[in-house]
Amino acid sequence: MRLNQRAHNQLRPVEIIRHYTKHAEGSVLIKFGDTHVLCTASIDEKVPSFLKGQSQGWITAEYGMLPRSTGSRMDREAARGKQSGRTQEIQRLIGRSLRAIIDLKKLGERTIQIDCDVIQADGGTRTASITGAYVAVHDAIKHLMDKKLISESPLIDYVAAISVGLHEGNPLLDLDYSEDSSCDTDMNIVMTGSGGFVEIQGTAEGAPFSREMMDQMSDLAAQGIKELIQLQKNVLK
Amino acid sequence: MRLNQRAHNQLRPVEIIRHYTKHAEGSVLIKFGDTHVLCTASIDEKVPSFLKGQSQGWITAEYGMLPRSTGSRMDREAARGKQSGRTQEIQRLIGRSLRAIIDLKKLGERTIQIDCDVIQADGGTRTASITGAYVAVHDAIKHLMDKKLISESPLIDYVAAISVGLHEGNPLLDLDYSEDSSCDTDMNIVMTGSGGFVEIQGTAEGAPFSREMMDQMSDLAAQGIKELIQLQKNVLK
Amino acid sequence: MRLNQRAHNQLRPVEIIRHYTKHAEGSVLIKFGDTHVLCTASIDEKVPSFLKGQSQGWITAEYGMLPRSTGSRMDREAARGKQSGRTQEIQRLIGRSLRAIIDLKKLGERTIQIDCDVIQADGGTRTASITGAYVAVHDAIKHLMDKKLISESPLIDYVAAISVGLHEGNPLLDLDYSEDSSCDTDMNIVMTGSGGFVEIQGTAEGAPFSREMMDQMSDLAAQGIKELIQLQKNVLK
Amino acid sequence: MRLNQRAHNQLRPVEIIRHYTKHAEGSVLIKFGDTHVLCTASIDEKVPSFLKGQSQGWITAEYGMLPRSTGSRMDREAARGKQSGRTQEIQRLIGRSLRAIIDLKKLGERTIQIDCDVIQADGGTRTASITGAYVAVHDAIKHLMDKKLISESPLIDYVAAISVGLHEGNPLLDLDYSEDSSCDTDMNIVMTGSGGFVEIQGTAEGAPFSREMMDQMSDLAAQGIKELIQLQKNVLK
Amino acid sequence: MRLNQRAHNQLRPVEIIRHYTKHAEGSVLIKFGDTHVLCTASIDEKVPSFLKGQSQGWITAEYGMLPRSTGSRMDREAARGKQSGRTQEIQRLIGRSLRAIIDLKKLGERTIQIDCDVIQADGGTRTASITGAYVAVHDAIKHLMDKKLISESPLIDYVAAISVGLHEGNPLLDLDYSEDSSCDTDMNIVMTGSGGFVEIQGTAEGAPFSREMMDQMSDLAAQGIKELIQLQKNVLK
Amino acid sequence: MRLNQRAHNQLRPVEIIRHYTKHAEGSVLIKFGDTHVLCTASIDEKVPSFLKGQSQGWITAEYGMLPRSTGSRMDREAARGKQSGRTQEIQRLIGRSLRAIIDLKKLGERTIQIDCDVIQADGGTRTASITGAYVAVHDAIKHLMDKKLISESPLIDYVAAISVGLHEGNPLLDLDYSEDSSCDTDMNIVMTGSGGFVEIQGTAEGAPFSREMMDQMSDLAAQGIKELIQLQKNVLK
């Protein structure tokens, strides 16, 4: 049985708080249970040099964990002088996921810089980051439209992400930290509101997984993401 | 007139929330108006190498700002690969301030690692950090005593910090960001519960300041710190 | 039609040359068409500090591209002073893939350090790296057994990797660089000799992909990996 | 009793040697007893990017200690690959102190780069640096005026700095290294020729200090700085 | 007696393979016995900023060793985050050697970037690098002339390099790794086709060497370089 | 004609001042004309890890230039975060040169750390560094013998260094900066008191040089080094 009587196909309680801090054009605190991530979206009125003069915008992301967001304190990456491989993988994933549902041409020659900072971690920080970043980006785009800087929304679709895993052969949705640590397989899936896959990343940490298990995990993820996107819609209404 | 009818000797509304995140032995969100800092205190059961075998503990601090805690986004220090001079100055100041009110012998051979992370900035982040870190350190020490790891509290006194400034020749208490930017002099003062000075750092950003002005600013700070320490006492009751 | 009359489900010519350089315990040059990667496996008679005293070994990997392995010269990472996020992602992937088919207990307290260095690149460097690294690791283990340092092989299974993509809605196996650049979806799959999934990483670079397409790509990959593992078996006979 | 019969309010012998090296526009060796600092001021005919096009100049400072300027050899910061927090604090302090007595508009769009390098250290390196840098900056400005690059001196006032401390409850002026190590409080004060405060930085390294002690230390410092500025005037006559 | 019956004045078997990889404008694999170095020359249609607008080109070089090119694995410089002093010395030497035989004016405002990457090391990697880089640069220049980007060859002469050493008082030509390790003196000499010296670098690793020995080593090197240049001429015919 | 009527085979005025700073076991200011280098030798009672337990000592060197030791200000290497290739070449050369005349066994398990810091530069900083470092090392060894830490001097011989160059075909001894910049060939030679070569490093910066010119430069250097060693003997008497 999972913690708090959670069913195998049940998300943790998800909360999405818009306008959480005052400076950013989009600022969202998202909670997947005890995992709390602050997602901000900042408008920068220029593009990286490789896109200059191409009449299109850019979206990029950075990710960090507060040193004591975790059970034992992690080194501060700014003090160590470099970001870990894990950090870089996650921030590249967040950026790709959001770019998948934005028409960069319609954004104009500007950058939306996403920052996902984990205040408290209990598994699933990258999926919470993507799901929350969507709302922050939405609000940053609303800010651009309210200020008449763009006339048409570059948002093409919704996007959200969830983890699934195999625990003693059984698929589980939305792993918390203790489940993640004991699972044989850990998979993160990013999908759009219309049900297309943006990213699928599955890793066998113990035994390899079969095609059948992959199918079951994909089904579970698709259902979870549908619920998350409904929550995004509710909070954006 | 100051924002929100604040008097020249009036603090911004201060809020101190204990047990803000779940993993750290001490975890405090402190608000000085719109400045919000998460202060955690983590116990590490070892000391830095320069203290090994000396039957005493250590307290040290790190400080960071979330990239979009500020009006315009700052570069992420982890991505740039180094902490700025300002960051290092502040984290050294926080460490010294807390060490001033701890008996390191009574702490035993362990380290309390303070992390002050600015969630939202509106001036006075270093003074809020010190004031909040005190409460986080208090809670981490309480954790050690509850677990019978130490029998006697190493806390000697309270400690808090506040900024004062000279605005068109008039002293102001607890500067917000816009005041800080327009002040001629900016002073940060750290004092104990018994009224002793731990640190005084004053900088003339415009014209040099006179001895008389320094005296007025010191008086104002002493009064503000008295109020902050009363708030610490209330929240720790 | 693909370059050189290649069918949609056809691998490029694959060549695996063992004992390519003389110093490494395992040294393999692998060619997937014009992609040439030198994979070495080096024995180090100690383990990383996080594994000390746990009676088990470790396998880890590093990856690099020679600056002019590519069409236009890339900066040398040693000169820039850091490895890119892409490099780190790939070397973490190689390490995880090889650890999946090794019994680290049987390896004993030693490390196998894999180095995959791309001499010439034409797409698929990470999948060639994994496929070649398997043979290099095999040879390094043979060296340990020949020298009677271990009595039982820690190898549990074979492992190989291949890329698949969606090009104008059609699945293609083993993308070369020009195909990779024009595909909507790029997927890298790592599987064992017994047909289990070790890793699946799919990214929609253009439009999101459907569940049906994912299934087709998985089938194509499974068939390609089967062929690669047959080639490994042939060369290791 | 202090070393060499020095009274509590007595400076160490101070020597200021102009034109110490031949290349810099201003080059001064300053000695506070056994503390010897080489201060150079270099003219750079451009400004940092944040000041471009604003018709004003800039003054900035860097600070370093030769590895064996101290009793036991320190690591070379260039070899370690970064400047310590202490180094950064000191060079920021030197820069602010000199900017306080310069009219940056009159300097024109150029930068004066100060370098303070400690040849031999015996306490008070930052105060010697500021006091010597003033003379070096003076000479660099004289060079600009001699070459008719500016017509009016941007120097507004003199500036000098001194340390004071509390040793067993008694205030001492101009601490040498052994005094600095045994003092409860260490204060560095920067003042102008007209008696205004530019910086005050006091730290209780042992017990907190009282307001009365702060007043006594300020008085002592003011007297010491007056003497230093007289020495600057003598050497610049 | 030397390995493989080699005489004291005999080169190891030298092989020079042109067009070894497909992307670079010049790409050469050179073998001095078991030392194998891949030398590429890449054309970059711009010059470093210190040469802008001066109607001349530039040649520069980078050098690296694959981590397991050596008997025991070396750290990867990209992972350590910096190039060693030895690496920097060698790449500066390669650059200077090639610039000595190029008319940079005739090259036009472009850079030839040489990369020498050691695939397998057995002593003499820097001399093999220079000798192979010459052929790669030749081919890159041929590419420029074939594409009519320059009308006249900027090549002034040939250039090659060889090591000599003193082993128990006897001079040896072209040291392999085991000889290099046991020699008292190690000397690297770079000469042109017309017999001029470009570089001479001799180091007494054991006892100092006499003028007479230096003369003998220079003679031996001159003869070896003559043979190498003949090999370059043969391969370029 | 050379500056100050100097003959082609004449050294600049050389001055060697012992005991220049007070903390280092050996501390020497050496002047070759306007080139002034502070050389210190520090005793460290341990050896690098690669020499532990081998009953021998070590000598190593670091080199730096003060930012404004030169005609136009150089970046501070500590601020840039890395030492240049040139710096690393020079400090490796200094270390090798001093190790050539020390019996490391007799030194015992300790390190002599040399620091050569250029106060003012006018060409020949590396040769002045080696020549001055010898005297500093001598004094550090004298300190060890005076304190009875070693009973027999590990010094085997004297060592000094000088530059020679070819200016319009004529050999010149001890180049100053302007000569160095206009010479076709620049050679640095390190020799012992008994006339053996320790290092020879010659570079053709313009036209290659002939064997005959090399011989003439070697002769000139040998004579200059003889004079320098006589000066060392005088100052050490």
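Letters A, B, C, D, E and F mark the chains as written, and numbering starts fresh at 1 in each.
Everything below uses one rule, namely that a residue touches a chain if its C-beta (ideal position, glycine included) is under 8 Å from a C-beta of that chain, and two chains touch if they have at least 3 such contacts.
These numbers come from a predicted model, not from an experiment.
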Problem - Intersection of contact partners for chain D and chain F - result: none
Exercise for the section: Round to the nearest whole Å and give the separation of the Cα centres of chain A and chain D. Expected result: 50
Fill in the blank from the handout: Note: chain B sits from chain A at a C-alpha centroid distance in Å of 33
Fill in the blank from the handout: Residue numbers in chain C touching two or more further chains are 81-82
Exercise for the section: Moving around the ring in the sense set by going from chain D to chain F, list every chain once. Expected result: D, F, E, C, A, B
Completion exercise
Listed in rising order, chain F residues that touch chain E in their complex are 82, 85-86, 88-89, 91-92, 96, 100, 187, 191-192, 194-204, 207-211, 214, 218, 222
Fill in the blank from the handout: chain E partner, complex, touching residues on chain C are 21-24, 27, 34, 36, 38, 40, 42, 44, 62, 64, 66-71, 73, 76-79, 81-83, 87, 113, 115, 117, 119-121
